[in-house]
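First subunit A sits with subunit B, and in the next complex the same chain sits with subunit C.
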Partner chain A sequence: MKAIVQEITEKYNLQNAVFQRDNMAFVEVEKKFAIDLVTFLKDYHQFSHFVMMSCVDWIEDGQFQLLYLLHNPALKVDIGIKTYLNRTEPVMQSAHHLWKQIWTYQREIKEAFGIDFPGSPNVDENFVLEGWTEIPHMRRDFDTAAYSEKTYFPREGRFTHDPATYMREKLYPNQPVTAKKNTNE
Partner chain B sequence: MNDKINEMLQRSAQNANQSEKSFIRPEDEEREVIAPDGSTIKINPIYDYFSGKKPQEEKPLNGVVEKFLNWARAESIWVLGFGTGCGSIEIPPLMTPRFDAYRFGVQMRATPRQSNAFIISGYLSVKTLKRVIRSYEQMPSPKYVLALGSCTINGGMYYDSYSTINRLDKYIPVDVYIAGCMPRPEALLAGFMKLKELIKEGKAEKANEYARNFDEYKANQKKIIKDWNMPDYNW
Partner chain C sequence: MSNKGLFGFKPDRSNYPEIDKDGKAILDLSSQKYTKLWLGPNHPGVTGNMAVELTISGDEVVEARTHVGYLHRGFEKLIERRLFVQGFPTSIRMCVAEPDTNEYLIAQCTEELSGYADKVPEMAVWLRTLVLELARLQGLLRGVPGQAGTFSLGIGVQWGVYLRDLILDRFEELTGARVYHMYIIPGGVRGLLPAGFKKRLEENLKEIDDFIVRIHQLMFNNSVFKKRSVGVGVIPKEWIDQYGIVGTTARASGVKRDVRKDNPYLVYDQLDFDPPTATDGDIYARTFVRWQELIQTVDLIRQIMAKMPAKGDIRAKMPNVLHWRIPKGETYVRLESGRGEYGMYYVTDGSDKPRRINLRGPSYTHGIALLERMLVNANIADVHAIMVSLQVCPPEIER
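Then we have the complex of A and B:
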């Protein structure tokens, strides 16, 4: 596994490879070389099983991250290939020619994040939603609660408790608050 | 070679524009066709197979006749086997010896044309709501709706979801609500008993309410179903 990562690091000039476990690594690659790298791993290193493909919206950096996860059944190792797309121009080279299941992943990502994969079969068809006219629903600037309130006639009288405060009031009313506030938030 | 590619690109661009304009499929669009005898006729596939007429109110009959009919209706509740959400898993146990809904005159049917009760079992996405409306309108009157679970009452745990509705009674009229997340089969049986009570008292007239406020219900339905490519009323 280390040899493979070493080889692709030199070949594709990768920046930071992360070993999650001994048999699992993640590498980051430039957008224009991403599908080349996937093809190289499939054809030369027998990463013949396509596990999944996912997308993350890094709205603070103005980027979408695509992840291709591949598995090598002979060596029993996994490798994840990450690549970043500009949020203003979300177009990615399609990988539908490598595995047929990528058709469906790309169709889903097109609907959920609005990333286009030109040439991918049926990529413009509805995946889950029908007649969706708003911005893609998995983008982080889409406010699902506000959309629901605007669209679906919320019933009055609904309220929620903060679980921590509510439990303290109900179960330990006389106990002083000792727990530190979570500073990560 | 280049000409061919350009032609293909143009065609795909045209197709993309067309799909943006209308959600109605090309084969469902209103158009003129040439009949087998050579004459030109206008067809509108969405409306040709269905009546465009609005539903009519059916006034109850007089006194003892209606009472007898209501008693008969209450004893034969035929439920449409259409599970919309997670609550549909509570329905199969009803038809087992342990709960045995048959003893109350409740049974499941496969098609809307054979049933008179509709259990909306749990959360309802907009995509499913479209199918629910079609099925509900195809059921013969008098028909009853049982709303199962808190999702149908105020959205439940999916109240802030972009794809699930909050209140079912804005889209189709509801006779009985069964609260819970999820309600057990016993609660569902209690709901059936309540429904039978309502029917016997002559209070389960929600199909008439749907006919009376048809325009209002349709407006609410069309507000969220953006790709309305079916007739307004499908009986």
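Then we have the complex of A and C:
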């Protein structure tokens, strides 16, 4: 595993390779080399099982992070390939030619984050939402609470608890609200 | 119906549907050669609320499209707005069939990223394993006879539902709830086994032993079941990696993959088991592998009950859940659910809430790309049997 990470680090000039566990590493690669690296690991290092594709919105950095998680069934190791896209230009090369389930992930990410994958089958079709007119719902700037208040008006006779306040009252009734902050990091 | 067709009749499909220059079928409904048939979202033959849009010619499917979204409740988004501990009751609802899998994954992710993964007491680790195997058992008790149900052999389903209820009784005794248990929590589990639990569980397992014999006679010695399942819904071995096929579905096609063996977690490396496999890759093989897994799961539960410590701590000391912050990081944790690899990608940013969680359930690939491929050239009478044989669970697709 370390040898593979070392090899791709040199070949693709990777930054920030992190071994989360002995059998799992995350690496960062430039957007233009991402699909090339995924293909290289699939074809030359037998990372034949495509585990998943995911997206994280780092709105404060103005970036979307795409993750391609690959598994090598023989070595029983995983590599997560991360790449970053500018939030203002969310377009990524499609990888649907590599595995037959990838178009589903790309279709979902297009709907949920607004990232386009030109050429990916059915990428413009609705996935779970129908008639959605708001900004993509998994972006950080989509406000779920405001959306619900706007869409689902409150009904008479119903009330709600703020979950954190309610738990504090129930679990730690005698603890002051300004309890010492846990420094777990 | 098998691919041979009813009464040996095999329709000639060589000239239609016509294929356009991009390789896509030309399906002109006005030609009256094709009919649109919607299966679901509310249909007893569909595994949960999802729709399959079929284009049929005669009684043969020429194109299939799956439609999800009927159960989308935005769980992943909601969890981003909640404290770490508040994510637990939300996450378990992402998979109705085996909610405990989500409990374990989210607990393991938060523990790993906050440095508590090796602090979970041994007793709690055994109890987590027990709960996950009981979850597998109740799923199989529904899933194995459920396959027979798709061929109208409904009596097995009734037996299975009764026995599943007995396991839910044990869950209720152990956790206070029947379906959504919230038993696995950060740092351990919520409670020890109640007095007399082991004896009552063993009584249930004896009834299940009897069921295993009877369901074998009902299904695998039944000519209707064999005729409807052998050679139908075949998944070639080459498709396993192409479509991301996992679990018993992959094992029935001869690819031995089981997270419990490949990347052991909890105490699976201390248990003696060998995941069953088959080679034919059809509905019969998948069901038979699951029937064998039913036997194995009962055995695993007995092993766990025999090897588990009699007592011990069940929870590590964890931070105050209302002020729990986890350093920036990310991980992916997987387990072997009753339907295959089930994993969670978890990202933290140093705040008191997760930055992103993303579930990877087997249904995501089995229920869309694979199902759409498998239904082409299937007989409409086999559609629900194929779908059930993939054990598709729509909530984990939509999350």
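The rule is simple: the second predicted complex is superposed on the first by the 156 of 185 C-alpha atoms of A that agree within 3 Å, B and C clash if a C-alpha of one lies under 4 Å from a C-alpha of the other, contacts with A are read in each partner's own complex, and residues count from 1 in each chain.
Heads up, the rule we're going with is that a contact is a pair of C-beta atoms (placed from the backbone, for glycine too) under 8 Å apart; a residue touches a chain by one contact, two chains touch by 3 or more.
What you are looking at is a predicted structure, and each value in this text was computed from that prediction instead of being measured.
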Next item on the list: Considering only the touch criterion stated at the top, classify A:E130 as touching first (subunit B), second (subunit C), both, or neither.
Entry: both
Check: Touching A:P154, do we find subunit B (first), subunit C (second), both, or neither?
Finding: first
Margin query: For the three-chain arrangement built by superposition, which of subunit B and subunit C touches the greater number of subunit A residues?
Written below: C
Check: Just subunit B (first), just subunit C (second), both, or neither: which does A:Q93 touch?
Finding: neither
Check: Of the two partner chains, subunit B (first) and subunit C (second), which one does A:T104 touch, if any: first, second, both, or neither?
Finding: second
Check: What is the contact status of A:T144 with respect to subunit B (first) and subunit C (second): first, second, both, or neither?
Finding: both
Next item on the list: Would you sort A:Q63 into first (subunit B), second (subunit C), both or neither based on which partner it touches?
Entry: neither
Checklist line | Set of subunit A residues, in rising order, touched by both subunit B and subunit C | finding: 128-130, 137, 142, 144-145
Check: Where on subunit C is subunit A touching in the complex?
Finding: 68-69, 72, 74, 76-78, 80-83, 86, 112, 114-115, 241-244, 257, 262-263, 319-327, 329-332, 334, 341, 343, 345, 347, 350, 355-356, 358, 360, 364-365, 368-370, 373, 397-398
Next item on the list: Spell out the residues on subunit B that touch subunit A in their complex, using ranges where they run on.
Entry: 16, 19, 23, 126-127, 130, 153-155, 159-167, 170, 220, 223-228
Notebook entry, point to check: Can you list the subunit A residues touching subunit B in their complex?
Noted result: 124, 128-134, 137, 142, 144-145, 147-149, 151-155, 158
Check: In their complex, what parts of subunit A are in touch with subunit C?
Finding: 20-21, 23-24, 26, 48-52, 54-57, 67, 69, 73, 76, 78, 80, 99-101, 103-104, 126-130, 137-138, 140, 142, 144-145, 163-164, 167-168, 171-172, 179-185
